[in-house]
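Next up: the structures, one after another.
The two complexes that follow have chain A in common; it is paired with chain B in the first and with chain C in the second.
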Partner chain A sequence: MIGSKKKRVAIAMMFLLPNLIGFLIFTAGPIFFSLYMSLTDWALTKHNEFSTEPIRFVGMQNYQRLLVGDESVFFWDYLGNTIFLMIGIPISIAGSLALALLINAKATPQAPRIRIRAGVIALVIGAIVTFFAWLATTPGPLPDPASPLLEMSAEVGLTDKSLFEVARLRSISFTLITAVFSLVIALGLIVGSVFFRTVYYLPSLLASVPMFLFWKTLYRPRGGLINAVLDPALDTIQTIITSTPRFLWYALGIALWTAAIIWAFRLMRSGINKLVHKDAGAAAFIGRTALVLTMLITAYGVGAVLVQAPQQSMLRSGFTSLDRSQTQTIADSLAAEFPTADTAELNLIARNTDGSSPDDAARFFATALPDDALPRTRTIARAQAKPLHDGLTSGDGLTSPEWLLSPSWAKTALVVMGIWTAIGGANMLLYLAGLANIPPELYEAADIDGASGWQRFVHVTWPQLAPTTFFIVVMSVIAGVQGGFEQAMVMTEGKADTITLSYYLYNIGFSDRFELGLACAIAWVMFAMIFVLTIFNFRVGNQLTND
Partner chain B sequence: MPNPPTPTRVKPSTLAKTLGRAVIVALLVLLALTFIFPFVWQILISLSALTDVDLLTQTGFPPALQPENFITIFQRVDLARYFFNSFFIAGWVTILQVITCSMAAYAFSRIQWPGRDKVFLLYLATLMVPAVVLMVPNFVVVLKLGMFDDYSGLILPSAFSAYGTFLLRQFMLTVPSSLDEAAAIDGASHWRIFTTIMLPLARPGIIVMAIFAFLFNYNSFFWPLIITKTANLRVLPVGLLQFESSYGQETPLIMAGSLLAMLPPIIIFLVLQKYLVKGIQLGAVKG
Partner chain C sequence: MAQVTLKNVAKVYDKKIRAVEDVNIQITDGEFLVFVGPSGCGKSTTLRMIAGLEEISEGTISIGDHVVNDVHPKDRDIAMVFQNYALYPHMTVYKNMAFGLMLRKLPREKIDKLVRDAAKLLDIAHLLDRKPKALSGGQRQRVALGRAIVREPAVFLFDEPLSNLDAKLRATTRTELKKLHARLKTTTIYVTHDQIEAMTLGDRIVVMSDGRVQQIDTPLNVYKRPANRFVGAFVGATPMNFLEGILESADGRFFFVAGETARIALPAEFSSALADHIGNTLSLGFRPSAMREASPADPQDERITLRTILVEPLGKNADVSCEFPDGTHVLARIDAREDFPVNADVQFTLEMKHVHIFEPGEFGANLVHPPADILAPAAV
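The block that comes next holds the complex of A and B.
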């Protein structure tokens, strides 16, 4: 070791100080400061350079307001939204594993010579196919007056554009799709797994405001790509449903329910056995119960869709969102009904709830009214809204949802986008690393035992990946509890029932109320949730990896 | 399932094997297309004229390409300024993080001093605290230090990363200590060992940390949104969202702007992919 103890400390401090000072000011200090702030009534509207009002210490009052007091209606609702968005986590983890397994199968040629040869062949074939795709679809020099395109163009409202033009554009589009398709095959063959890994990873790399803006256009009910693809697909499904006997759909739904119940029963029985014989601990049992419950709920939902499919009332729930005139009507009737209420405040709420669901609006209105007014406001607000007709059905059958505009579909839209972005991201890379670390001897042993592909996965791959899965689950839950702000801010502006806890914190702390104390309390409640979930994950993880 | 008397491994025929591989390749390609086609679609929108956007789902291709959208967006909104801000802020944060974190990591991994492990434990403990907890108090700190609505408020709070320190310390621990002991015997000071031995040897770790820092701060939205007021300080995500909420119907321009904003991360990833993938996979092993 160099130098005396004193000198070593001095040198160490020289290296450490630039970081330590910043760390204390912006990380360690604020944590304690935040804890203190959450116990005060600190609000920038009350405590600023224009007022001398002292910041009061209010003890647990902020937490009480959140969990049981005047903020609790919002808090629990937004917590529900946060949990809804976290449904995407298990789906995207399973997807990441599937992608990693596909890439890891090394199905593309490995030897460089074969790779290049296969790629070049694919390129040549692709070029030829693309050329013929163009040749087959291009409308030729003169549009045929008897062409069915005439009807089609009237249907889509293309009255001012010539038929010839539409056919030409569709031909270019089709040719472009073929070209991209061929190019992906050729690149995949030449570059191999790195190409696929890169392509899958890109969405998660770009998951920020620019990409959310783009997805907002994809989700447009009319003129968006998703519904343009979904509409014809739903039409087909509609035709199939109406042309098959009704009992078939009942039978399918009931069969699914029965299968789910039997499977749940078996899983629970083996779980109880393990618990009784001390093969697994209580935490693993709770984890298994949660899994079974999720499975049952999913099966119930899918079964319900199947059973109801022929009745065309599928997934119809909730209400349309309110527009400005409707919220004003609510405000007016509430003002008439509650003479003590502050009319100006009701009008302000009417302005702010433009675009929200009737239940959300009811909660906002109730804050300006006596304590027990919520049921009444809800009735009035729901009376204003129309029952939802943009679920999956309208009067005339299946139609695409309104996605971000509809309170009952907006969260689903965010979940779908979240899965698309996360599925090929860091989790997939972690699984790829995990797969590469599995000793090949284990597979050789399984082969000697005559294990099938599925048995190899269940008995070798999955247990060997348990530490990776555990790490991914812990990190995803931590991110999930804090998530949803950017997406909702960009895509729905918090309308359509998409406000999560982090968005709530933004609204309370930085957007309209500047109640910093309350915002800190929200942050600490989120921390408590993360803490409990992480501890739980650790216990389950430990018990499962020790099995 | 009844076991056959002698468990013999059934070798799949070559044809079945080839077919299986073909199915996997087909799946890989189809999945790749679900990630690529949306971006192709975005490019098509960004090249369309405003009046053609609504018909794009019917025709699949714009009647007239309008690449000048990519120039118009710079005239309609101060995109150049937002680009500069994003690069300036993310760049400075990255440089400062590399300096402060590598020095701190050296102090934690190579110098013996009393209380070292306790201080390091404090660093580790803060890693468990979610970012939202720091948001509000940091906002107050920035207000009180007069850094609100200023570059310093955007750069300084992110310039000292506990995570980066942790990552680099782990990396430096893997550098054999015989190297710097030999240098110390030759009379080299700690500063000299740090700059001539440690920094070059820890370069892969530093590159990983720098990429993470840059990408994270380039994409960051929440903090710049609450800490800035003036238009001149807007970063790309905030500026683009601002443009979208004022001119939401100008889809081609918005798509052109967001495509441009996506380019730097794509380029960084393609060039430095090797390091980034290693870094992500390293995180789990250490975690």
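The block that comes next holds the complex of A and C.
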């Protein structure tokens, strides 16, 4: 040790100084400045080099507008969207874990000769299957342009592509999928788990925007790969539904509900039992309750679809989202109908509801109108939008969803894509590392103790992975609250009810309104939410992992 | 309670690496059998095959009257204690011990009684609510033992359970294990690389090397009548000294001639056993304790002359490092005395009843003191 303690601290500080200065100027400074900004009415439209109007300090007004005032309708709606997109988090974590377990299982035979032989066999089978897939799906020659078939297709709105084009696209897609799947399986058999690890990690290596564009193509309602596979599948299911007696579907739905309730009851009873006998802590009980609730909700949804399947109308019918001119038309007709309404406010709402579903737009417009105006507003808004030929919503039975075009499916589409991206990414690698660190003796002890495969997972793998899971959950929740911007920007441009809080912040601050003060307030509300959620995560997580 | 029988058991990895070869052992009910051998000799693999953690490549293993080759570990009625204890880190001591019973769906009250009884027996009753992280090495070891005991299995399997403990704790735990076995009288199979553990614990010892059983015998017999050169070298607190030489015969007596360095007359009792080996290269093996300073009464041709290098007093005895003129190293254990000459030529006498003569090679058979009852003939 050289010098006094004071001197040593001073020397250390000197070394830290460059970083500290950088941190203060470029991180801490802007953070606290944004806190100040959120308390002002700073807006680029009002305060710029051409105006002399001073920036006013407005106190908590921005926060008040956001949480309970005129912006609250949007804020809470977009918060809802953000939370909807976060549904993907537990699913993708579970998927990552499942994938890591599969890859870790060392199912590939060790001898290279066997692997190559299996791979070659898989390649041959894949080639044959691909060939027959192409044979079976490829359409005949281009139909006569005057044939009644084409007229009919024009009638149902397929003006952009002839039926032939759609069929050809589907055939190509179908053949492509079969070929790619065969290739992946064959290569996986030859190279082993390393290959799968790489394949599943690929999404993480792709830049996000091209990947979003790629998924946008996949999600095209007609000719997109996803619906190319879904259409025939749903047609088959619909045929089965219509050709079987109705009561079967009612019975199925009711059976599912009953089973779910009984299972939930048993799970909760054993959970309470464990809690009473101190076999498990309160955190585990909360987790169990959440799982049971999720299962009940899922079972309710699936059961509802089953029960309603024979009626061919399973959800309320959907509408396309409104564009800017349509919302303006709504605003104009509302202004004519309700003379007392503030026209400027209606116009503002018209600008903000660009891309909303008619029902959402109606709710937003109603805030500027007399109390009982909502039903009439909804009628006017719906009149502007086109009804969708949407999965489960059209009254025509099962048809493929219009995905990114439909407010009732666009968020789901984004969630599915998010799961695909996240499942094989960093989370899987973290889980693989975690799995490699579990001492094999624990599994052997569990084997001798008589644990089944599931019990081995519950009592060895899962607790041993708890620190990994904890880290992943904390990081995913933080990313989830901030997320959704790029996806919505690239894939839906905020239409079809896909605006999240981060997109809202961007719209307010940089795109529509340039109200920097309000945007900063949104940022700080998001920060507060992340902060609270992370504290909660740490509390529960510590209880679960600190064993 | 059950006997365990291994018949022609072998373990083959990747169709070519033979880790364990032709093991035949009959373990009687209530016996404490110790597998001992250097690391990589196949003793742990054999134990894991008995436990069902490794597939049995060849041969059969029976526990009780049943062949268990295809029986899952949980159904073999065994309990195992691992080297690093393998306690479930997120469970309390109580749950660790109760886990196997819970999975077998025993009633809660019965589990509670079994766990508390075992905890009392092992003196860990006050630790039941702790997690393994909060325990010392010795306490963890007891919990691992407790987890095995509560199941009341037919066979206990121990895989080097004491090697993670410090030397002092190891000695006391060893004694306790022996007491515990005397009390429970459960068939026990114990694997260790420490020959002291093997000698002190085992009713019988199985010495293994290179995947093969070298000798199965009581501790004393293994010590006194090693089946081959390897066993002689491996078992015993101090390693055996070996001299390589040729057997010669003159005037009806046998002499062991180690080049220029020594010519040792062998007693008449050896004659019949060695008659067929005259002129052959053999090894002479003797423990340090079989040597003593020569007294004038000892016949000249039973003496060997060695140069002393170093003396290590041990209290009652002293270990003397010596060398033959050709540099062959020999360790002698003699009665300690203050003025023992160092760096001097000293004459020693061998006690011929403790001298062994082995056939050449690492596994050369013991010609003069073969095991009395050869259960598994020494291989090679």
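Here is the rule we go by: the second predicted complex is superposed on the first by the 359 of 547 C-alpha atoms of A that agree within 3 Å, B and C clash if a C-alpha of one lies under 4 Å from a C-alpha of the other, contacts with A are read in each partner's own complex, and residues count from 1 in each chain.
FYI, a residue touches a chain if its C-beta (ideal position, glycine included) is under 8 Å from a C-beta of that chain, and two chains touch if they have at least 3 such contacts.
This one's a predicted model, so the numbers in the text were calculated from it and none came from an experiment.
Q: A:523 in the overlay: touching chain B, chain C, both, or neither? Say first, second, both or neither.
A: first
Q: Look at A:509 in the shared chain and tell me whether it touches chain B only, chain C only, both, or neither; answer first, second, both or neither.
A: Once the two structures are laid over each other on A, A:509 reaches chain B alone.
Q: After lining up the shared chain so the two structures overlap, which partner does A:442 touch, if you call chain B first and chain C second: first, second, both or neither?
A: second
Q: Taking the superposition on A as described, I'd like to know which of chain B and chain C A:466 touches: first, second, both or neither.
A: second
Q: Between chain B and chain C, point out the one touching more chain A residues.
A: B
Q: Which partner does A:450 contact after superposing on A: first (chain B), second (chain C), both, neither?
A: Both chain B and chain C are touched by A:450.
Q: A:267 contacts which: chain B (first), chain C (second), both, neither?
A: In the superposition, A:267 touches no partner, neither chain B nor chain C.
Q: Looking at the overlay, does A:91 come into contact with chain B only (first), chain C only (second), both, or neither?
A: neither
Q: Check the residue A:482 against both partner chains and state whether it touches chain B (first), chain C (second), both, or neither.
A: first
Q: Need the overlap of the two footprints on chain A, from chain B and from chain C, as residue ranges.
A: In chain A, positions 447-450 sit in both the chain B and chain C interfaces.
Q: State the interface residues of chain A toward chain B in the complex, per the touch definition above.
A: Touching chain B: residues 1-2, 5, 8-9, 11-13, 15-16, 18-23, 25-31, 33-34, 37, 99, 102-103, 105, 107-108, 156, 158, 161, 165-166, 169-170, 172-174, 176-177, 180-181, 184-185, 188-189, 194-203, 205-211, 213-214, 216-218, 222-225, 228, 420, 424, 426, 429-430, 432-434, 447-450, 468, 471-472, 475, 478, 481-482, 485-486, 489-490, 493, 502, 505-506, 509-510, 516, 519-520, 522-524, 526-527, 530-531, 534 of chain A.
Q: Along chain A, where are the residues that touch chain C in the complex?
A: 110, 277, 279, 439, 441-442, 444-451, 455, 459-460, 463-464, 466, 547
Q: Flag every residue of chain C that touches chain A in the complex, lowest number first.
A: For this pair, the touching residues of chain C are 14, 51-53, 72-74, 78-80, 82-84, 86-91, 95, 99-100, 103-104, 108, 131, 133, 147.
Q: Help me check something: in the complex, which residues belonging to chain B touch chain A?
A: 7-10, 20-22, 24-25, 27-29, 31-42, 45, 53-63, 99-101, 103-104, 106-108, 111-114, 116, 119, 122-123, 126, 128-141, 156-157, 159-160, 162, 165, 184, 189-190, 194, 215, 219, 221-222, 225-226, 236-238, 240-241, 244-245, 251, 254-255, 257-259, 261-262, 265-266, 269-270, 273, 277, 280-281, 284-285, 287
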